[in-house]
Amino acid sequence: MTALLTVEDLDVRYGDAQALFGVDVTVEAGETLAVIGANGAGKSTLLKTIAGLLRPGRGRIRFDGRDITGLPAHRRAPLGIALVPEGRRLFPSLTVEENLLIGAGLAKARPDRIYELFPHLVALRRRGAGLLSGGEQQAVAIGRALMSDPRLLLLDEVSLGLAPIVVKQLYAVLPAITAAGTTVLLVEQDVNQALAAADRVQCLLEGRVALEAAAGDVSRAAVTRAYFGV
Amino acid sequence: MTWVNAVVQGILLGGLYALFATGLSLMFGVMRIVNLAHGDLSVLAAFLAFALIDALPLNAFATLVLVVPAMAALGWLLQRFVLQRSLGAGQLAPLLVTFGLSVVLQNVLLEVFSPDSRALDIGGLGTAGLRLSGSVSVGWFGVLCLGIAIAVLVGLQLFLARTAFGRAMRATSDDQETVQLMGIDHRRVYATATAIAFATLAVAGVLFGMRTTFDPSIGPARLIFAFEAVIIGGLGSLWGTLAGGVVLGVAQTVGAQISPAYSILAGHLVFLAVLVLRPQGILRPAAAR
Amino acid sequence: MTAVVVTRAGTAGRVGLSAAGLLALLLAAAPYLVTSDITHTLVDLFVFVVIATMWNLLAGYGGLVSVGQQAYLGAGAYAVIALSVHGGINAFLAVPLAALAAGLLAVPLSFLAFRLHGGYFAIGTWVLAEVVKLVTAQIGPLGKGSGASLTTVSGYDPDIRVAYTYWLALAVAAGSVTAVYLLIRTRTGLQLTAIRDDGIAAEAAGVRVRRAKRLVYLIAGTGTGAAGAIVCLNTLTVQPESVFSVQWSAYMIFMVVVGGIGTIEGPIVGALLFFGLQQALSAQGPVYLIILGAVGVAVVLLAPRGLWGSTVGRTSISVFPVGHTLR
């Protein structure tokens, strides 16, 4: 297997507060990696830095062998990196379909595949994105990210604020996404969901990597220790 | 019947105000920049047309072919290299930068063109019109201005609603950070939006110059008209801007009918009344506040 | 654990405040030391200090970028004419009343202006200033569009008149700086700083944002009105196109931005610089204003903290200590 994404020794700070300390992450092509951790552990910061919205103070980010550390966000997307941001961040003045279309940037693309993954969006395609339920919004956000046919899909807290049944429905499409060859790096607070969805799991504790293991053979006790730092 | 005539003239004038307000509204809508140099830039466009007519054997309308692209290019460069730098530094910076620009522009025009009043000559078109009754007449030039204004607004509306770039512009206005995740360079969207805004203000500036005289110091007064049209119509709505321009135009011509000294004041008073009674603009339902 | 001591002023601050006091005394003696031409010119400097300090209070501390403060400057100037020429009040005594009148005008206007936010607030205040100008220019006894003269001071010996004007201007300048300094040290000042830094968070923390902003707007209107009254005394005439000119706003913004916004010292530094530039360059006409505008834009983009903020303000030296220092 070859590494699609390598993050080496990453430091990220917001003004005076440092959020990540020397974090290393490697995602192999085709696998699904889950990064778990408590609130404020630095998970979203990690994804935003990979997507290019934040600049690291130190460290390197390599994508498909190429150093992309200095590349702005809008030039990372065409390489095949797509982020489903925390809180969905749909464009409220656009309709559902327009939100999907803009996922491909200025390029022309058809949203047919997204409607196959999320058939319930077909009926909502002309509705304003601000008028959707949380689960519908999350489906649009994932669909929007998939419109560019990304090689690496970054999912930030898909479960946030959603009912368990809705979360389950959303995670149910993940196999179809990975089967199409997309590598997934997901961030979750919900450990069970993360362990169920991922091949490998990495735990962040206060900005540092506290655990790294295959999702199948990690013990609950080890996860709890790494999660809470006790 | 003179009152009817005043209203008709006001509607025609309102088209010009709406066209002129479009750029201000667009820049605020996409970038949240209130361009305090908006009026002076339109005067610059009129002076460019004036200089072209002076130097080349050009018809006043033909100058648009050169002035509009030139102003659009200026807008693109200004956004990319000056205003973009001010955007990260809080809401004060863009205001101060555009105000400084306004001072510079006014005085550069004063230095180059002297304080004399100028006009763009359109020959007989300025006075030709259709007499509808004893005192009501419709000037062809006014009709032309209103037609151009409506055409520009419809065109802009279609561009925003139907094209990929228009969609990107609306999305950038919603959330300039997230749009970057879609591979869209928000700075390019901003520069393009500014170029479009400058193109519309150039058209308005040249048409204004055909309608009445202009001099280097008239920019701020123009800016205020554009602003009043935007607020009367309601923020962020192109059709609201048209309605706002028409209301302002009618207020001014009806005010002038009472006494020439009341023309501008009447426009201001209608604006203040809207601010007090319907701060969301005349076209928006109250619930949208 | 070591004990933490919180102080307002360092040694530099105490020295600075004393020096400012001494300077004020020295300036007060000027009419006995220099010719009335010089004191007449210095009145302009004091007017600049007042309007810059007031604009800084509005924008730098209140976050209210107004391009319409000329409404109050003009109102103050015209109020002196109304009170003195038509009301029979002594012209010098009319100054505080004129300031009060400008402050009262700010009450209804604030309700209109506060309907707008950010950049639209800026143009809104400008429209209000235009309305005040247009209405003033309709009033017959005030000379309509051609203005009026302050005829009630013609009985004074010119040197005495200039000296009185000078002292009054100095008092208004010193009073404005002191008032803003004291205001910023109070609870309201702290609230203002919080609003400027993050209005929504401040509101969530229980700050009554609108009330604090309105207070600042009224004070700035009053202070700018006092400056307008001084302008009237110093030039002896008022004319709508000049006292209500938006150029005054350009001057205020230039002084505050170049001097250093959000500091007490910055506007004073800006006023001194502007006064110097005006003495040296105003004969150049438009070129002078082109330079002013270009320098203003450059400072906003390249050194947004201004002259004071990016030099002395970076150290812990502060002539007017408004912060708290841990030691």
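For clarity, chains are labelled A, B and C in written order, and residue numbers in each chain start from 1.
Everything below uses one rule, namely that contacts are C-beta pairs under 8 Å (C-beta built on N, C-alpha and C of every residue); 3 or more make two chains touch, one makes a residue touch a chain.
Which chain is which protein? Per UniProt: A = ABC transporter ATP-binding protein; B, C = Branched-chain amino acid ABC transporter permease.
Since the structure is predicted, the reported quantities are computational estimates derived from the model, not experimental observations.
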Connecting every touching chain pair, does the picture come out as line, ring, star, complete or other? line
Using CA atom means as chain centres, which chain is nearest the centre of all the protein shown? B
Just the number, please: Cα centre separation of chain A and chain B in whole Å. 44
Can you check how far apart chain A and chain C are, centre to centre, with Cα atoms defining each centre and the answer in Å? 53
Averaging only over C-alpha atoms, locate the centres of chain B and chain C and give their separation in whole Å. 33
Hey, what residues on chain A touch two or more of the other chains? none
By the touch rule stated above, which residues of chain C touch at least two different other chains? none
Check each residue of chain B and list the ones that touch at least two other chains. none
As the complex stands, chain B meets chain C at residues 28, 32-34, 36, 82, 85-86, 89, 91-97, 99-104, 106-108, 110-111, 220, 223-224, 227-228, 231, 235, 261, 264-265, 268-269, 271-272, 275-276, 279
Residue numbers of chain A touching chain B in their complex, please. 51-53, 72-75, 77-78, 82-83, 85, 89, 91-94, 98, 101-108, 144-145, 148
Spell out the part of chain C that touches chain B in their complex, as residue ranges. 59, 63, 65, 67, 112, 115-116, 118-120, 122-124, 126-128, 130-131, 134-135, 138, 246, 249-250, 253, 257, 261, 285-287, 289-290, 292-294, 296-297, 300-301, 304
Spell out the part of chain B that touches chain A in their complex, as residue ranges. 164-165, 167-168, 170-171, 173-175, 177-186
